[in-house]
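Below: one structure in structure tokens.
Order as written gives the chain letters A, B and C; numbering starts at 1 within each chain.
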Amino acid sequence: MFHGYLPMILDGLRVTLSVALVSLAVACIFGLMGASAKLSASPVLRGIAGAYTTVIRALPDLLLMLIVFYGGQILLNRVAAARGWDYIDINAFLAGTITLGFVFGAYLTETFRGAILAIPRGQIEAGHAMGLTRGQVMRDIVIPQMVRHAIPGFTNNWLVMLKATALVSIIGLDDMVHRASLASAATREPFTFYALIGAIYLAVTTLSILALGALERRVSRGVRPEATA
Amino acid sequence: MRLSLAALSLFALSGAAFAQDQVRIGVEGNYPPFSQVAPDGSLSGFDIDIANAICEQMQAECTLVQQEWDGMIPALAANKFDMIVASMTITDERRKVVDFSDPYYDVPSRFVAAEGAFEGYSPEELAGKTIIVLRNSPRAQYLQATYPDSRILAVDREPAVYLELAAGRGDIAFGSSVVSAEAFLKQPEGEGFAQVGETLTLTDSVDGGVGIAMRKGDEALRTRVNQALAAILEDGSYAEMAGRYFDFDITPPHARQ
Amino acid sequence: MIDWTIVRDMLPAFWNGLLMTLLLLVSSAIAGLALAVPLAVARSARSRWARWPVFGFTYVIRGTPLLVQLFIIYYGLPQFGVIRNSALWPVLRDPWFCAWLAFTLNTTAYTTEIFAGAIRTTPSGEIEAARAMGLSRAQVFRDVFWPGAWRRALPQYGNEIVQLMHATALASTVTIVEILRVGRDVYTNYLKIPESFGMAAVFYLVLTLVLTGLFRALERHYLRHLDPRASITPRPDPVKEPAHA
């Protein structure tokens, strides 16, 4: 049915998943940095983080990806030229993941910030009062609870980002979408292959929802549902 | 002839200093018969042959980097490669952002349409029709200037020009006379279509044609490339390569004696 | 640093791109809203046979990338002779129609889920009271049920419309010359980021501001009853009475 192109498409899935996972890691880093900046005492940090989330969420993903991709390369080339280095070659994978991570870091900033704010302040104060260090408070009180509160937003962002990885084919990465276009061109059967990758995305989405749903249930063990009005 | 031979030998003597240098060449892979990719990923075509021949003349170690046409010049500017050998037509607009070598071939443009679909191809006869063309190209500019009453459908790569015609998304296509023949009319989907209308040469006769694009200001590389080009035009290797693909003369106007 | 001559020369092209973007946005938003209302009712119906097909539709659309959906419609449909030979072919092959269809299906799916969620959270007390007051089923639906759902859905729906506006940028991948395509062309021809993508960003920022402003105004109007400051009880005069602790 797929004229022997199935292995090529599945290898494209491998690329897509690696882009998604690496981007997720990068996005978490940007998200945590952004969240702590937004919650910090310094108005400068809050301003920068505010600008970051506002601008990114006001622009289309594809536009942001193109700006980071081309602009980032130009910046790096200028740095390399100024330092007298040869040239810094960023391959499409690196460009795509850093771009996606930077963009979705803005969305995760809001998710993490909301999750941290949802932790009752009293618990953190009690931790300090009991003599725990800042690190211990972070590790034993804040982060476990933040994870629980962040999961719904995190799941949502992960699903959106997973689908956004399709856009990296536009900046030249040889991902599943690109493979589908190659296979369609060779076999003259675009519907077959685009529908195939649609089904594959759906499968990955379903697995993610199931897995993250199970995770949410696990970290919510023992949590009593809040009384509703 | 003797003068360029002398220049070449001087060049070869000083070539030792350049022998180790690396040059990265941007190529397309989607413009048969000038460049195409085999299923196993290997590149072939006239552009590829020219790129390799120039490399040999420059005594440089070359890497071919495949790049989609739409992002070709941005990729050059972003230092993904040092020169573009991808049948890029020399135009004044492009000269504002890149430097070109001397032209290395020139082929005319033709309209392609379903056989018998149109009687004439003047702006009046094509008014209201959809003409498919490669975006951001001299052909697109020509159409915009000459056919203001037609609808222009701009696509991002040359093969798509003909595929969209076959898919029925346009009434007539405008593209390279060679590529339309090779990539479309000889293929099963090209059945029922033909090159129609006049043969149009859009580039002017002095320095018209396609050239090798390089970053602005890269004079050193440009000189070497021009010298290499002149060399292969002189010593017959160009004619031999061209003969493999074309049974007509594609030498650029300035090089025809 | 910014070459204002390029900006000036390209402004007409960006303006045309803006019109394209708006046309795509408005046409798919209206169609999506029209489709989502009945689908949302079906989605929250008691009968399995009504709920599940709609859920299937929204699940598939929300679980696959819009780019892939667009490509299936634009590149994929012509694969079938049935479609190529049908009377609708001139419409089905048009890039405009394909983009509109993809965006409409996409926004329908998300909007359906938003409205279904709003419907599900309808306080049963409201409906019971309305029925008890003697309103007919149709009146209940039109005057109590639907306005309530619309009010609850409004914030999320506003967000969805902004996302739809961002999604129109994908139309650039199927030859439609909207804002992003103009930006990319300017970049390819001039290799300067501010004059190309920067300009596109400015247009999108303004559009986003206008849309969010519009929806905030709608929220202020429809959700007035939730605004603590909209109370009609007289406020304490700030001069005569000190603020309470």
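We take it that contacts are C-beta pairs under 8 Å (C-beta built on N, C-alpha and C of every residue); 3 or more make two chains touch, one makes a residue touch a chain.
This one's a predicted model, so the numbers in the text were calculated from it and none came from an experiment.
Student: With chain centres set to the mean of the C-alpha atoms, which chain is at the far end from chain C?
Tutor: If we average the C-alpha coordinates per chain, B ends up farthest from chain C.
Student: Looking only at C-beta pairs that count as contacts, which pair of chains has more of them, B-C or A-C?
Tutor: By the number of C-beta pairs in contact, the winner is A-C.
Student: What whole-number Å value describes the gap between the mean CA coordinates of chain A and chain B?
Tutor: That gives a centre separation of 40 Å.
Student: What is the distance in Å between the mean C-alpha positions of chain B and chain C?
Tutor: About 43 Å separates the centre of chain B from that of chain C.
Student: Taking the mean of the CA coordinates per chain, how far is chain A from chain C in Å?
Tutor: Chain centres of chain A and chain C, defined by C-alpha means, are spaced 23 Å apart.
Student: Mind pulling the residue numbers of chain B that touch at least two other chains?
Tutor: 71, 74, 77
Student: Could you check chain A for residues that touch two or more other chains and list them?
Tutor: 70, 74, 188
Student: Among the residues of chain C, pick out those that touch two or more other chains and give their numbers.
Tutor: Within chain C, residues 78, 184, 187 contact more than one other chain.
Student: Which residues, counting only chain C, touch chain B once they are in their complex?
Tutor: Where chain C meets chain B, its residues are 78, 84, 89, 93-95, 175, 177, 184-185, 187-191.
Student: Which part of chain B faces chain C closely enough to touch in the complex?
Tutor: Result: residues 70-71, 73-74, 77, 93, 96-97, 135-136, 153-155, 167-169 of chain B touch chain C.
Student: Show which residues of chain A lie in contact with chain B when the two form their complex.
Tutor: 70, 73-74, 77, 80, 87, 89, 171-172, 185-186, 188
Student: List the residues on chain B that touch chain A in their complex, please.
Tutor: 39, 67-68, 71, 74, 77-80, 159, 189
Student: Considering only the defined contacts, which chain A positions touch chain C in the complex?
Tutor: 55, 58-63, 66-67, 70-71, 74, 159, 163-167, 169-170, 177, 180-181, 184, 188-192, 194-195, 197-198, 201-202, 205-206
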